[in-house]
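Here subunit A shows up in two complexes: once beside subunit B, once beside subunit C.
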Partner chain A sequence: MKILVAVKQVAALDEDFALRDDGRNVDPDFLIRDLNEWDDFSLEEAVKMKEAASQPVEVVAVSVGSGEVDESLRKCLAKGADRAVRIWDPAIEDSDSIAIARVLAAAARREAPDMMFAGVQSSDQSFASTGIAAAAFLGWPHAAVVSHLSYSPGATRAVLRRELEGGLLHEVEIQCPAVLTIQLGINTPRYASLRSIKQAAAKPIEVLSLADIGLGADEVGVAGSLSRVRRMYVPDRGRAQLIEGDAAQQAARLAEIIREFKGAAS
Partner chain B sequence: MSRTDAVTRILFEAFGAAEVRIFYLIGYAAIAVFFYGVYVQVRKYRRGAALVLDGGLWPRFGAMLSSLLSHRTIERRDRAAGAAHRLIFYGFMLLFAGTATITLQYDILEPLFGIRFWHGEFYLVFSLILDVAGVALIAGLLYMMYRRGWLELPKLDYARPDREPGDPDFNRPQYRREDWAFLWLLLIIACTGYVLEAARLVWLQDRAGVWDTRWWSPVGALLAQGMRALGLDAGSAGLLRHGLWWFHGLIALLLIALIPYTKVKHVFTSAASLMVRDPLAAQRLARIPESQPQPGAAKITDFNWKQLLNLDACTKCGRCHEACPARAVGAPLSPRDVILSLREFAQATLESGAIPAAAELDVHGKAPGQVAMETLWSCRTCMACVEICPVAVEHVPIIVQMRRKLVEDGAMDPLLTKTLQTIHKTGNSFGESKRKRGAWSKALPFPVKDARKQPVDVLWFVGDYASFDPRNQKVSQLFASLLHEAGVDFGILFDGESNAGNDVRRVGEEGLYEVLAQANVNALAGASFKSVVTTDPHSYNTIRNEYPDFGGKYEIEHYTTLAKRLFAEGRLQVTKPLKYRVTFHDPCHLGRFNKGYDSPRELLALLGCELIEMGRCRANSFCCGAGGGRIWVPDPVGAEKPAQNRMREAAAIPGLEVYVVSCPKDLTMFEDALKTTGNEGKFVVKELIELIREAVPARRGDAVPA
Partner chain C sequence: MSGILIIAEQRRGELRPISLELVTAAQGLRRSGEEVSVAIINSAPGNFVEALSVAGVDEIVTVEAASTEFDPDIFESAVGALISQHEPEVVLVAHSVDSFGYAAALAARLSLGFATDVFNIERVEGELVATRGGYGQKVNVEVDFPGKSVVLLAIRGNVFKAPEQSAAPRVTAFEAPPPHSRATGREFIELSAGDDVDMSAAEFILTVGRGIGEEAKVAQFRELADAVGATLGCSRPIADAGWLPKSRQVGQSGKTASACKLYIAMGVSGAIQHLAGMKHVSTIVAVNTDAEASIFGVAKYGIVGDVFEVADELRRLF
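And then the complex of A and B:
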């Protein structure tokens, strides 16, 4: 039995930051990298299943990215993943979520898991589409925003609950294998002690190329993407201000501001 | 028979040969039972993990003997109990030595070599000494009975804060019974000894060698006079002596046989524990050996032999129970009960012939003998327990070792998990960008040197709280201005510095500690400096005591000693003496951990402050509750916090104006507690640095912008 968990190393902004020269992303020098928060939960869900299962279950963490992603994969190994797979090729650079999904789907075909998990979304890009697109490429059923899951590895069906708007829950039965995108709070992710992370460093991370998963360079990167980022920028800040003084002063200042705006509009 | 020969201890007179043989048989049996018990105990300790002690055997023996003979550790914070124990100890030792010398002559020297010394003046003087020793023993025992029976000391209450009434090991009445049985047994042995002596005198009153020298045994002689006055004749006295002789002898042998099986064993285990004491037990925690597959203590056999010995050394005196800040605020922790629980656990599992299966050795949990995680997480590693323990039980390393296992399992407060992840990610507990670590220095009217780029005399290791906490940043700025004005050539590491790791290590996240310590040691290696100073006692402790294990040996001091020197050298001068009535809170890591009691007090005197000590000061200072990573874990809602408990103590000082601290975490904890205890406006909490700055007004242009 096998569960494939797609994970992403996300980037968080440091205090001060600068944009890249091409203006389409943040200068990587100002990014702090970590495992995507949602993926902590999806990995935990898989590891919990493995621990509860009566037959052996293999949890495989898979990620797309260059060597720096290994740090996050090691965290997955420390938390209980049995294997880690990283797919990278310079051609993958500048892929959108659809192209990444294509890579993950190809990896899933190679691994042939009984179930595939992904996070609902990534905290840095928030497309919330990678997992679902991977399901589409695979032709597997999918369920998004899963907040509860009953599934015994190897079963043909899983029952899950999805979070809907307005506090509603969807209880869904799904055919396996399926792709589930896991919501925060579905479990309590375990702490990976530094010692276990260090020990995980001894476990190998399989690195696969595009050829290994049977994809061509034209299926990834800009060529394989359905969207492209035009620019990234910080919008002008709103000019909220607190008007001080007594009621009369405040009213006078308010009138002045309104006049300024009217003046600007005319 | 010569005159002197006749003056001797009457041993087996009037005993038949068979009777003597029976006595010896029983005696050998008692000794065999004793040795078997010793074997079982030693086997138990040997089932613990290996540990190689550093330092020679003789210095350790000498240190133990000095503690024991002086009773220095036993009389601390309980002079009466110390004095009574001293009477019992010396009384018992003399009486034991007396009996042992008789055996030496009667059973060894005389039959083998024909040497006899137990007669004449030697006997008489010894007889007098032993009689006095007996009085001492009885007096000590009677006080201990009074203390247990009537004083109702909270520290002798065996009810546990980590168990509910009704739990099988809630208040352990068997301990109480054993305490009393021990006292009574000793008392009966001592008293029957006197009656026996008196009966012998009356019995042999016609023998000059006995009766004429009776006043060398004054207590026995007085009793003998009394017996005679009551009409006891020599014949009846002989019978009485015969019966009592057996009674006295048998219970004395019983005591010997019981030693390894009962609390009496403390005479050996406590002494041994004192001998293996580690003076830096809490200050410098042990690294996890590379060979150890799992970090920390999961099973009882994961503790090393010394820790298992520590468990048996505990005499339930309750001093740690009394000193523990967690216990004082009703948290489910008493250091005493952690030790006793584990002791019961070790007894139940490691004293049998074969070691039970691994599953039965798990020390974590809520069953009798196990320690609950709530208990372990209540500890603030303030070292109050280790510091006061009269028999060198080292609680803190035991607790941290158990926490290491909890951390490995992720069994901790979610906020603590978050903080550890944050520290791993950013190098500080505030989750701030590394780049901002030195940002507080930007507000200063002079540049602070980057010690990584230019050599400095003094490298200031700032620490997390002093770097990132807005309130403490102000103090850091003041200290920088003082150093600047005193002409100290100093610098900081800016974003090269990481959390020092002192508290991370005490949480039990050893792997993260290793990362932090190594990062700081590397950063310091890249800087050129003569000595290190810090305003943070936590950083001070770990850099001073623990970094050497990571290859980082520095001359380091807390700012209080540096400031004192700057005043002594005239580089800082008090121009505006303060007339405040103050009290001083000893930070655990400056005071108890590193004995920095005096410099802050000397500074306060120098500033002109009137220092009123709190009851709990210096070695008995009461932890603010922040230690051991507890600053990252919220205290239970509604329950008193240690800092609040402390504020109430301070508030009782009439006319108190300033509650002085010298630790960034203290400032945070106590300013909060000042408000929550409703003492705001009555007095203020201030860093000693702030008082120094006030007494040494800044030169014009050098003032730190408010």
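And then the complex of A and C:
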């Protein structure tokens, strides 16, 4: 039995950053990288299922990106993934979430898992589309924003709860294999122990090319995308009016705001 | 390809407000002579005709579906069939939990131009340009769709204002193809977790976020909220950790704090979903040690400082 977990290394911006010369993205030198928060939960969900299963389950983390992504994949290995696979080719540069989904789907075909997880969205670009698009390329059933899951690896059906808005959940039974996008809070992700971090550092990361997964260069990058970045810019946004002073002065002004509100409300 | 097709959303028989916001979003794109059609996919679509009869809608398309509630396979096949029949240039859906479940699959399968969480749409020299946020909303990203004759856009909620005037659009029934559904909806579960607070009615909310550090600190903020007359709320990580019940969570996936007018966020950095769910509040005061926290981008007033010190000082004044 196998669970495939698609993960993304997200990028946060440095305090001061510069755009790339073509103005379509941030200069990569100013990016601070980490494993996507949502993916921490989907990996944990897979590892938990592996630990609870009566038969052997392999958890495979897969990501699309160049060498720097290995750091996030090692984090996955340290937290319980058995194998890590990274797909990269320079042609993948500037892919949108749909082109990335095509790559993940091709990798999934090669791995033939019983279930595939992805995060609901990424904390940097928040497309909320990669996992579900991958399901479409695979022709698999799918469910988004899963906050509770009952599934035994290898079973033909799973019961899940989708987190809707306003604290409402919808319980759904779904055919498997499926692609599920996992919501924050579905579990409590573990911390990697020092020992497992050391072990993960020694594990290999399988690196695949587009040819290895049977895709052509025209199926990824701008050519394989459904949108193209035209321009990126820093918006003039309303910054909060800062309340200066020490804590007592700041609290005094805050108390005034509260009293003004109460006066207007009564 | 011409015209704009909107896919309305409902939840348990109630039209979701975003459905009408999409009507407003469509107006800026409409070229002369082009129509705006709104499709409602439901087991009883006729129930929504009245609510959808607003200014700016030319046609309401009722699509009778096998399921009362959202099913990704039913939506994907119905919207796909609507696109073949209507041949719209633009399809607008909500950027929502439901569209997360089918929009990307549909766009991928039909190779539609596609962008999500869009908060601005315009035509630049005739070409459709959508704007969304990037890198945790720190930058704006303009995307276009070269060579795409149909573009599917998922629009952020609370950005466009729903039309107020009613109208009498024509109503057309559309027969969707029999769907091949691979999932069965069972039941709805309300998360109330033994706490009878109604965040949607609260006008003054004081929220704690990850910045309070540990569960033991919650009591002190509860006491502060009581003293200043606020309802205590929390951000997602606090509810997920079980420090406060889920019913106290505000933000997009939590309770909609629809009546809130004054919102004090203590130690909330402002994840995208949290900000999207609170943007409508007229006065937001953010207290955070991190001057770069995203919440200062939406707050009216900002206090850069230690949340505990500010909380202690504030407590003394009430």
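Criterion: the second predicted complex is superposed on the first by the 235 of 266 C-alpha atoms of A that agree within 3 Å, B and C clash if a C-alpha of one lies under 4 Å from a C-alpha of the other, contacts with A are read in each partner's own complex, and residues count from 1 in each chain.
Operating definition for what follows: a residue touches a chain if its C-beta (ideal position, glycine included) is under 8 Å from a C-beta of that chain, and two chains touch if they have at least 3 such contacts.
Not measured: the values here are computed from a predicted model.
In the superposition on chain A, contact is made by A:193 with subunit B only, not with subunit C. In the superposed three-chain model, the partner touching more residues of subunit A is C, compared with the other of subunit B and subunit C.
In the superposed model, A:52 makes contact with neither subunit B nor subunit C. By the touch criterion defined above, A:155 reaches neither subunit B nor subunit C. In the superposed model, A:211 lies in contact with neither subunit B nor subunit C. Contact with subunit B, but none with subunit C, is seen for A:34 once the two complexes are overlaid on the shared chain. Of the two partner chains placed around the shared chain by superposition, subunit C is the only one that A:255 touches, whereas subunit B remains out of contact.
When both complexes are overlaid on chain A, the residue A:145 reaches subunit C alone and has no touch with subunit B. In the superposition on chain A, contact of A:18 is made with neither subunit B nor subunit C. Touching of subunit A by both subunit B and subunit C, each in its own complex, is seen for residues 15, 188. Looking at the complex, you find that subunit B touches subunit A at residues 288, 295, 407-408, 410, 412, 414, 417, 420-421, 424-426, 432-433, 435-436, 509-512, 514-515. The part of subunit C that touches subunit A in the complex is made up of residues 11, 69-70, 72-73, 95-97, 100-109, 111-117, 129-130, 133-136, 138-146, 148, 182-192, 200, 203-204, 228-230, 236-237, 239-241, 246-247, 249, 252-256, 261-262, 264, 271-272, 283-287, 292, 296-306, 309-310, 312-314, 316-318. Residues of subunit A touching subunit B in their complex: 14-16, 32, 34, 188, 190-191, 193-198. Chain contact summary for the complex, subunit A toward subunit C: residues 11-13, 15, 26, 96-98, 101-102, 120-121, 123-130, 132-133, 135-137, 141-145, 159, 161-175, 178, 181, 183-185, 188, 226-235, 237-243, 247-248, 250-255, 257-258, 261-262, 265.
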